[in-house]
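Common to both upcoming complexes is subunit A, partnered first by subunit B, then by subunit C.
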Partner chain A sequence: MTEEVLKHPMTKDLPDDLNNGLRRKLMRWETLLMFFVAIAFFTNTQISPYFLDPWSLSDATFNFTEKAIIALPMALLIIARDIDLSVASTIALASVAMGFANTMGAGPIELAVIGMAVGTIAGFINGWIITKFDIPAIVVTIGTMSLYRGIAYIVLGDDVYRSYPSDFAFFGQGYVWGVLSFEFVLFLVLAVGFGILLHKTTFGRRVYAIGNNPTAALFSGINVKRHRLFLFTLVGLFAGLAAVLLTSRIGSTRPSIATGWELEVITMVVLGGVNILGGAGSIFGVFIAVFLMGLVTFGMGLMNVPGIVMSIFTGLLLILVIGTPIIWRRIWAARKMHSNSRN
Partner chain B sequence: MKFKKSLMAAAIFAMGMASVSAQAADPVRVGLVVKSLGNGFFEAARDGAMEAAKEIGNAEVIYTGPTSTTAEGQIESINALMSQRVDAIAVSANDPDALAPILKRAMDRGIKVISWDSGVADDARIVHLNPSSNALIGAMCIKLAADVAGDGGGDIAILSATPTSTNQNIWIDEMKKVLPDYSQLKLVDTVYGDDLADKSYRETVALLKKHPDLKVIVAPTSVGIVAAAQAVEDQGKVGKVFVTGLGLPSELAGHVDAGSVKSFAIWNPIDLGYSAMMIAYQLTQDDEHMMIKAGRMGTISFDKDGNGAMSDPFIYDASNVHKFADIF
Partner chain C sequence: MKNTSLIGKLISHREWLLAGIIALMLVGVGSTAPFFISPGNLAEVFDDTAILIMLACAQMLVILTRCIDLSVASNIAFTGMCVALINVAYPDTPALVTLIMSIGIGGVLGAFNGILVWLVGIPSIVVTLGTMSIYRGFVFLLSGGEWVNAHEMTPQFLALPRATFLDLTVLSWIAIAVTIIMLVFTRFTKTGLSIFAVGGNPKAAVYSGLNVGKYQFITFCISGAVAGMCGYLWVSRYAVAYVEVAVAFELQVVAACVIGGISIAGGIGTIWGAALGAIFLGLINNALPVIGISPFWQLAISGLVIVLAVIINSRSEKRGGRRILREAHR
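== the complex of A and B ==
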């Protein structure tokens, strides 16, 4: 990569970041995550005889796939210095829309299209308000978080939408090949797609540029507002997609669907090494973080660790994984200073 | 059947040969999935299930559930239980529909699934254990009212939740059905507190003003009964008007001490957990699912849709309310 840049200094393959060696740091981050994944995997094989069963592993992927699918565009959004807290409510809204469409007799494909369309619209509204009126994303999306779920509650109340067509179950319960579920394969394909989008395209470069310095990006001729609007809409689309998968998996819609998912999605992104302040991160990191969280929660599930302890553990994992390199760097710097002062 | 058993024995023997650590007779493992952890009611149910497991001997309870009452969290818990290849799952569902696909999948893999306390869709479980039945609840409320009113009887009133609450209306209908058996009781009014503490309180105060001869207020709602007891105390009617109905021991212990509540009813979570465990175990032993023996709770019968009622609601009074107040 570095050599390539040196050979062709004016190509699109610029480094992800202009801070010195951040790219290398990121590599270290992913290595660290891989290391944690290996530990989690090894521990799971030791503690439970049921862990290494293809069906068990396949079942376990259902617990995180939908969240992971939203984490992909969310990573881009956070790299561009924005955030969307309304994704879980968007799922509720899209799911309610699908439920309503189902009562009007929509087929499986139409339902999926409607779910994604509603998600896209919800995301577009977020982006439009944020870019048009220049209000911080966190404020607007906290607002729409209540708004979208509120609409879902108004439409559905204590009621429930069910009896989706049996073909519709394929999206969330179907298998493509052997133990590989449709959801999971979709996630793998999308992860590759997002990896290419962020790391190999001009668009991806611009996302980093906006995240590092929006003003500089603007003066470099990037239409920052349009890019941000696009990213919010993209997150909305994928929240809609997650709504399709989740609704299909549980075969029913209640307005409380996916409560609290926004934080789990953002945890995945941050654990994946995406800088919460924007400007840095990689899809590969998020990809590994998804598996790390999946493995850890699945392992604890096999040991019947109570959910409360599990969330404590997930919190600790987040602090540990993010804190380790920072502390390591401190120690490193202190050592360096120490040896320098001796010279 | 005999052939099946000997086949199983052979399989177990083979497994024992293959792995030194495998035990001769694996215990029957039952996953007890609750609405949320850290809830006294469900912890009491777990204790009941443990008691049942001890009585059975060769059985084990896996107590699990999500941190908050979400269907998604319960699905994760059930996934984990399926991975461990438990023999049975007994679930108190956060959502009757959302859990159906995963429970059906569990049944496809040979796991016996029952629901208890809060049910799931009919085709996603073998049986559902209700803590009690509507008829038993209605009859119990009136019986408690008659007990506290004494031989002289008197006027009674009902404080309900909302006029549209399905449960409440069914229970009130059941109460009206048994009322003719108690000629000394006269139902004078039914008011609605919407399950809001302040509205229930105000409705009770109005009730006391409107009916000076009122003897008993029946509140089949845990919010209403507390508010009514408080109102009776604040209006200085303790000893003249008694409150009864359905409520939680922890919320009513103080009112039992104050004298506004003499006795009230609610299901006993220990018995409920015990019965759920017994039923789940029995289902792993044979296919009988109409009449299931549940240890000390006797035989529980299930209708053609698989619904069964455990027992009469359990009566709480000054003698036991403090013991249960620590539980739920």
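== the complex of A and C ==
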């Protein structure tokens, strides 16, 4: 992550700018996102007359809720200058653990606890290795990405776990009130929780501090390592939670479950305006980005676009979303310099 | 820093340590299954590892400049599909022309990554995570999800990597040639040495007149070109082209580099290390079935090896910067 800072030492925003320029820019980013959400929503109503049906809308949320639940802690992690590429593999590992526990006769609540516990342990291991040995998070989580999914393959091979208890289906398929699914309500509650955690608590301020300058954060008395370890563990816990929801929704476990999700989760976070180099971003932005991605992929599904073509879209979106502000900022800076020299 | 103990010396000479471990593995597997270390079988294992060796050497250059290229596997699939379709449409194309075309196509894909990193300034991990799915999606658009099978490919298209010369396949010889070229490139050319400088300390590199982004661009072009060539060799060796060719192979490539002692923080690494790292992984992949372990273990073992290798690397490559203030916390 240091490469960027070194390459453009002058473009790094000063703390003073954070309250004026950057914050305003972020607000604009979120307005732009909402505008895109409106367009996507309108387009979908044109594609299918059934789209506006409440049940159809409710179905649409199932496609992205589990990923969105991981995107929330991932946003905190990326703001703190770290990244976790192993979340999809953590889902596979947690899901296999639940499948195994199911064959031993565990009940629905026990299954959910086991899934979340395995996720938490996986996240803790990531964080422990990264902070203990001071290794870049990218390499370690690329390693554990193979390791965790590899363990799932060792346990399950080309087999599949099925026949989860019927009560267990509630987590992924149940409805709380009318068309509101348990998953979706859980996501809304968690989004509010994470919004408060990041924007209204000391912990949240520290996350920004660590992301903006880890060394300065350390010297101002923040235990940087412990905070990073906690964030990795948190991401693991929520990957475990996503595993519970996903397994309950599809009712089976294969080692290839959730392949490629890490990319989609990171795209959601970055699309939400979180700076991939750390230090900036908001939960509200991620919240809107989640809906944008969900609506667009649902719309493409309505048009029968195959999944692999959607991945072109995801990849392009990731590059465009990060690239456009950088180019825009550069043009803006060049113009500003030009006008300054004229005065 | 001087390490006087034997183990310290071995760890600081990672390539020798790795070579020793590889030799031990050969002895170990050979004692339970003697045919495994017969020259014929070793040649086969090397042939099987050739593509990984080339990709690891190219990836090393990218990692040296503090970047990473995760799009190589998708590049293989895309270029492989391109040349396979060209071969179906124009069966008269000589194999050598196909090989050169594959280098060109792969190079263009690599250059696209490089431009985004150099001129736009997006972190390489983001660029290549994105192009990883974009290139893979293009394979689908190109082929419509169809397979190109062996009977549709011409014999000369299929023959190139399989032809043997001095008991080794042409594929193996290409890998040896690429390794030697890379070795000369990194040790004796100005560009090669600049790549180390750029990764070792980008600030110092800028002040000594090197364009950091340009060298990153060059390494992405090389990585793409090598991946493209491997695309043709892969499709021709396995005699089939489809969308999922080489899925997740980029992880093996990065793993080979990490095992070979290439520092992900940039500036540290040797071609020998990358090649030995690749051979180490290739050996594990080939030895597992021989000693009766299910191939399902492969993924977890390479993951574990990556994690252990980075932990070991982190201890040997601590470069002590001067710290004026005492650290506040441990």
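FYI, the second predicted complex is superposed on the first by the 289 of 343 C-alpha atoms of A that agree within 3 Å, B and C clash if a C-alpha of one lies under 4 Å from a C-alpha of the other, contacts with A are read in each partner's own complex, and residues count from 1 in each chain.
Everything that follows uses one rule, which is that a contact is a pair of C-beta atoms (placed from the backbone, for glycine too) under 8 Å apart; a residue touches a chain by one contact, two chains touch by 3 or more.
For clarity, every value in this text was computed on a predicted model and none was experimentally measured.
With both structures placed on the common chain, the touch criterion links A:Leu277 to subunit C but leaves subunit B unconnected. By the touch criterion defined above, A:Phe133 lies against subunit C but remains apart from subunit B after alignment on the C-alpha atoms of chain A. In the superposed model, A:Thr31 lies in contact with neither subunit B nor subunit C. Look at A:Asp53: by the touch rule set out above, it reaches subunit B but stays clear of subunit C.
Looking at the superposed arrangement, the partner reaching more residues of subunit A, out of subunit B and subunit C, is C. When both complexes are overlaid on chain A, the residue A:Gly315 reaches subunit C alone and has no touch with subunit B. Contact with both subunit B and subunit C is seen for A:Pro306 once the two complexes are overlaid on the shared chain.
In the superposed model, A:Ser256 lies in contact with subunit B only, and not with subunit C. After overlaying the two complexes on the shared chain, residue contacts for A:Val160 are found with subunit B alone; subunit C is out of touch. Of the two partner chains placed by superposition, only subunit C is touched by A:Ser146; subunit B is not. Residues 260, 306, 308, 311 of subunit A lie in contact with subunit B in one complex and with subunit C in the other.
Subunit B meets subunit A in the complex at residues 36-38, 62-68, 70-73, 75-77, 79-80, 82-85, 95, 97-102, 105. Looking at the complex, you find that subunit A touches subunit C at residues 1-4, 6-8, 83, 129, 133-136, 138-140, 142-151, 153-154, 157-158, 218-219, 221, 223-225, 260, 263, 266, 270, 276-277, 306, 308-309, 311-312, 314-316, 318-319, 322-323, 326-327. Those residues of subunit C that touch subunit A in the complex are listed here as 66-68, 116, 120-127, 129-134, 136-138, 140-141, 145, 202-203, 212-213, 243, 251, 254-255, 258, 264-266, 294, 296-304, 306-307, 310-311, 313-315, 325, 327-329. Here subunit A touches subunit B in the complex through residues 48, 50-51, 53, 55-56, 59-60, 62-63, 160, 162, 169, 173, 246, 249-252, 254, 256-261, 297-298, 301-302, 304, 306-308, 310-311, going by the rule given at the top.
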